[in-house]
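The structure's right below; bear with me while I get my questions together.
Note that the chains take the letters A, B, C and D in the order they are written out, and that residue 1 is the start of every chain.
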Amino acid sequence: MYQELKQACYEANMQLPKLGLVLFTFGNASVVDRERRVFAIKPSGVPYETLRPEDIVIVDFQNNIVEGTKRPSSDTKTHALLYSHWDSIGGIVHTHSTYATAWAQTQLDIPILGTTHADHLTVDVPCAPPMDDASIQGDYEHQTGWQIINEFQQRGLTPEEVEMVLVSNHAPFTWGKTVEKAVYNSAVLEEVARMAYLSCTLRPGLPRLKDALIRKHYERKHGANSYYGQS
Amino acid sequence: MYQELKQACYEANMQLPKLGLVLFTFGNASVVDRERRVFAIKPSGVPYETLRPEDIVIVDFQNNIVEGTKRPSSDTKTHALLYSHWDSIGGIVHTHSTYATAWAQTQLDIPILGTTHADHLTVDVPCAPPMDDASIQGDYEHQTGWQIINEFQQRGLTPEEVEMVLVSNHAPFTWGKTVEKAVYNSAVLEEVARMAYLSCTLRPGLPRLKDALIRKHYERKHGANSYYGQS
Amino acid sequence: MYQELKQACYEANMQLPKLGLVLFTFGNASVVDRERRVFAIKPSGVPYETLRPEDIVIVDFQNNIVEGTKRPSSDTKTHALLYSHWDSIGGIVHTHSTYATAWAQTQLDIPILGTTHADHLTVDVPCAPPMDDASIQGDYEHQTGWQIINEFQQRGLTPEEVEMVLVSNHAPFTWGKTVEKAVYNSAVLEEVARMAYLSCTLRPGLPRLKDALIRKHYERKHGANSYYGQS
Amino acid sequence: MYQELKQACYEANMQLPKLGLVLFTFGNASVVDRERRVFAIKPSGVPYETLRPEDIVIVDFQNNIVEGTKRPSSDTKTHALLYSHWDSIGGIVHTHSTYATAWAQTQLDIPILGTTHADHLTVDVPCAPPMDDASIQGDYEHQTGWQIINEFQQRGLTPEEVEMVLVSNHAPFTWGKTVEKAVYNSAVLEEVARMAYLSCTLRPGLPRLKDALIRKHYERKHGANSYYGQS
C-alpha cells in the first residue's frame, strides 16, 4: 500500500552515505504523503549497507506506527511535528555531517559570506539555541521540533525561504518541497558550513556579504525573474 | 556544425567533478572559437551525471544563443565579456571549489608563499573587490566580467601572465590558451589556496616568497630559458 | 584450534584501513577468548594488503605466544594488561587515526560538545597524562596499559561506560564487548575528535554540552528506557 | 640495459598519485645504481596517467643523460647532488604534498609531538632556510642539494637517521636505503605534517614530546633491541 512512499524514502536515505553526509547510522530521511497524513522514515539504527525498502516505517503525525515491523528513527517525533506544522514541506533530512555539526556545537549561526550561500538562502543559517532542561527531560524529540519552529517564528523566517537549521549542540535538519530537495540541501549546507569555517578561521571577524549581493544571487535562482537552471 | 566545439566543452566540463572541484552544478567551463566569434558553454543547472555533448549551448560575444535548445549557464555574460576583451584566451572555467571560494569570501588575495604558486604565477592571486550596488542591481554577470578586467588593468596584470582570479564573496575564474589549461589552472588554484590556508592559519603574518625565488621558479616553466616539461 | 578467533581478528583488522583509520601498519585490533584466556592479535608490521587470517598471532595474558609463527604487534602487552584487568571487554583497537592522534599530541581531553559525542559517552574523552621516565625506560607497552587503567581509576570511570581513551603524545585505544564494537568506537572517536577540533578552532573557549542534554542523549542509546536502534 | 632500474623507478613514481601525494606532475622519484653511478628518474612534466617505464631517464652524477629520449625532471640536479654526497641512500622522492608543503611555506621545522613522528625520527623534521639570492640566480637545483646537505651538516644530522627534509618555501624531499622506503617516508611525512598542523592550531605553543618517549619509540623500530615488525 505504501510501496512507492517507502521506495522514495529508501532512495533518499541511500543518497546520504553516497554524498558523504553520514557515518554509520547517524542520519535519516523521511518523505510525507500529505493526503494520507503519514510519512515514511528510516528505521532506527539500521546500517545503510543492509537497509532495504521494506524496512522503511510508515508513521502518522501523532507518531503512531501505521505500517512496518521495525522501530522508526529515534528522531521520528521531530519529523512528525515539522510535517504537521509546516504544510509546504515534502521531505526532511537529518544528518550529523561534519562541518554543519561542528557549527551547531559552537551555538553560532553560519554567517552568509558568499554567493554559494546566497544562491540558497538570504540569511545566516539559523542555529536554534539550547533547549531548557525541563524540555530535555520531557518529550525531547518532540521538543526539538518546537525548538526549530519557535526559532523560525521568533526570527520571522518561513520554511519555504529557509530550508535548513542547526540545532545547538546537536546537528542540522534540512527540508524541501520534495525529499530530493531536502537531500540536496543537506549537501549544500555541509559545503556552505565548510567554506564558512575556512573563511572565519582564516580571517576572524570578516564582514558578512553585502545586502545587494544577497538579494541578487537569491533572485537569480528564486525570484520572479529567476534565470538559473532550465525553466 | 559546432560538433567539435561542443565535444571539447563537454569533456572540459566533465573534468571538473572528476577533479573534485564542483558540487552538484556549481561550476562551468567554456571553449571559444575565435574565427566564428562564438563559444560553447555548459547549460544552466544541468547535473554533470546527465550532461551530454548535445546539451552544450553555443553563444556569441553579445550573449545571443547561436545553437542549442537549453538555457546557457547563468554566468554566460561573464564568459562573453572576458572572451571579447581578452583575445589570447581559449577557454574559461568557473567553479566554487572549496578553498579558493573560502579565500574569495575573505576578500583577500592569496599571498605567494611557495614555489607551487610561483611555478604558475609571479604575483598573489588577485581578489577583485566587491562590486558597487548599482552594478549588482544592473547587468550583474556582465559587470562581473568588468570587475575582473578592471582589476587586472588597475594592477597592471595581463591575462597571459595571470590566468586566475578570485571574485570577492563569490568564487574563482580561471582561463588559458586552451580550455584544458583553464581546467588545469582551476585545480592548481584550489591546491595553492589550500596550502596557503594551512600556512596562514599555522603561522599568521608569515612572509611572502622572496623575489629571487619567485622569478626563478617562474622562469623554470615560462621564461625564454624554461626547462620544465618536454619541449 | 584458534581458527575462528583468528578469523574474527583478521576481519576486524581489515575494517581499519577500510574506515580510513590507519596508514600503512599504524594500528591493530585484537579479540579475546575469555574461556581459554588468550587473545588473537595482528602480527607486527605486516601490511594490511598482504595480511591473511593465518598470520594472526594467539597470545596469553602473560604475553606468551600460544600459536603463530609471526611476532605479535609491538602493542601486545598493552592489550594483554587491559584484557587481564577489565573482564568485560571482548576486543581492543589501537590506531593512529589523524584527529584523535592530533588531540593526544595536545595532551588535552576531547571536550563533550554535542550529541554525537553524548550518544556514546557522558564525559570528555579522557587523555591519560604522559608516563614518567622510569616507566618509559622500563616495560613500556605494559606500562601503557597501567597508564590507561590508573587514569580510569583516578577519574572514577569504568571501561563499560567509557570505551575509549587517548594516551598523551601517542594515540587512541578503544574497546567494547565485541571487537566489532571496538572498531565502531574507533571510527566514532575519530569523527568526534574531528568535530571537536573544528568547533574549538572556530570558537575557542566554547562551553561544554549542558548536563541535561548529556544525560538525555546517553539514555536514548544506553539507559534502561533506551529507544535507539532495534531491540 | 637499464631495464630493471627503469622499472623500479616507474613503479615508485606510480605510488605517488596512489598515495595522494601528487597533483598532476608535482613530484618525482628516482632510484640509484651505485655500481654504475647512475640513477633513473621521472621525465619532466609527463602526467602519471601516461607515464611508461620506457619514458624513465637514466642520468649520471654529473647530470649527463646516459639513456632516454625525454628531458629528465627539472629537479634532477638536486637528486644527483644528494646521491653523490650521501653514499647510503638508494632512492629519493620529491613531492608537493599538501601539509608538508604548507609547513615548508611557513619556514618552520615540524616539531616532534608524538610517537607517530618518533617512530620514524628523533628530531624535528628540519626545514632548510631560504637560499641566498646569488645561489637562486646561479645553478638553482644544484644549490637546492647543497641547501639540504649544508643544513644537515650544521645540525649534525645524518641521512641515515633523518630521511626527510623540508626546503623553505618549496616542498619536501625524502629518501631511504631503497626507493620503496623513500616513498614510504613521503607518505609518513605528509601524515606527520598533518597531525602536527592540527595539534599546533588546536593548542598553540604546545610542548614537544619528552626525551624519554622520543628515545623509546625510536628504539622500538630502529635500535639494537628493536622489536617492531618481523625480523
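The definition used in the following text is that a contact is a pair of C-beta atoms (placed from the backbone, for glycine too) under 8 Å apart; a residue touches a chain by one contact, two chains touch by 3 or more.
Composition by chain, UniProt nomenclature: A, B, C, D = L-ribulose-5-phosphate 4-epimerase.
What you are looking at is a predicted structure, and each value in this text was computed from that prediction instead of being measured.
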Quick one: how far do you have to rotate chain C to sit on chain D, C-alpha fit, nearest 5 degrees?
-> 90
Which chain is most remote from chain C in terms of Cα centres?
-> B
With chain centres taken as the means of their Cα atoms, state the distance from chain B to chain D in Å.
-> 33
Geometric centre distance via CA averages, chain C-chain B, whole Å | 46
Where does chain A touch two or more other chains at once, residue-wise?
-> 201
Chains touch one another in the pairs A-B, A-C, B-D, C-D
Residues on chain A engaged by chain B in the complex (per definition of touch) | 113-116, 184, 187-188, 191, 194-196, 198-199, 201-203, 206-207, 209-210, 212-213, 216, 220, 227-231
Please give the residue numbers of chain C that touch chain D in the complex, ascending.
-> 23-26, 43-46, 70-71, 74, 96, 98-99, 101-108, 130-131, 133, 136-137, 140, 169-171, 197, 200-201
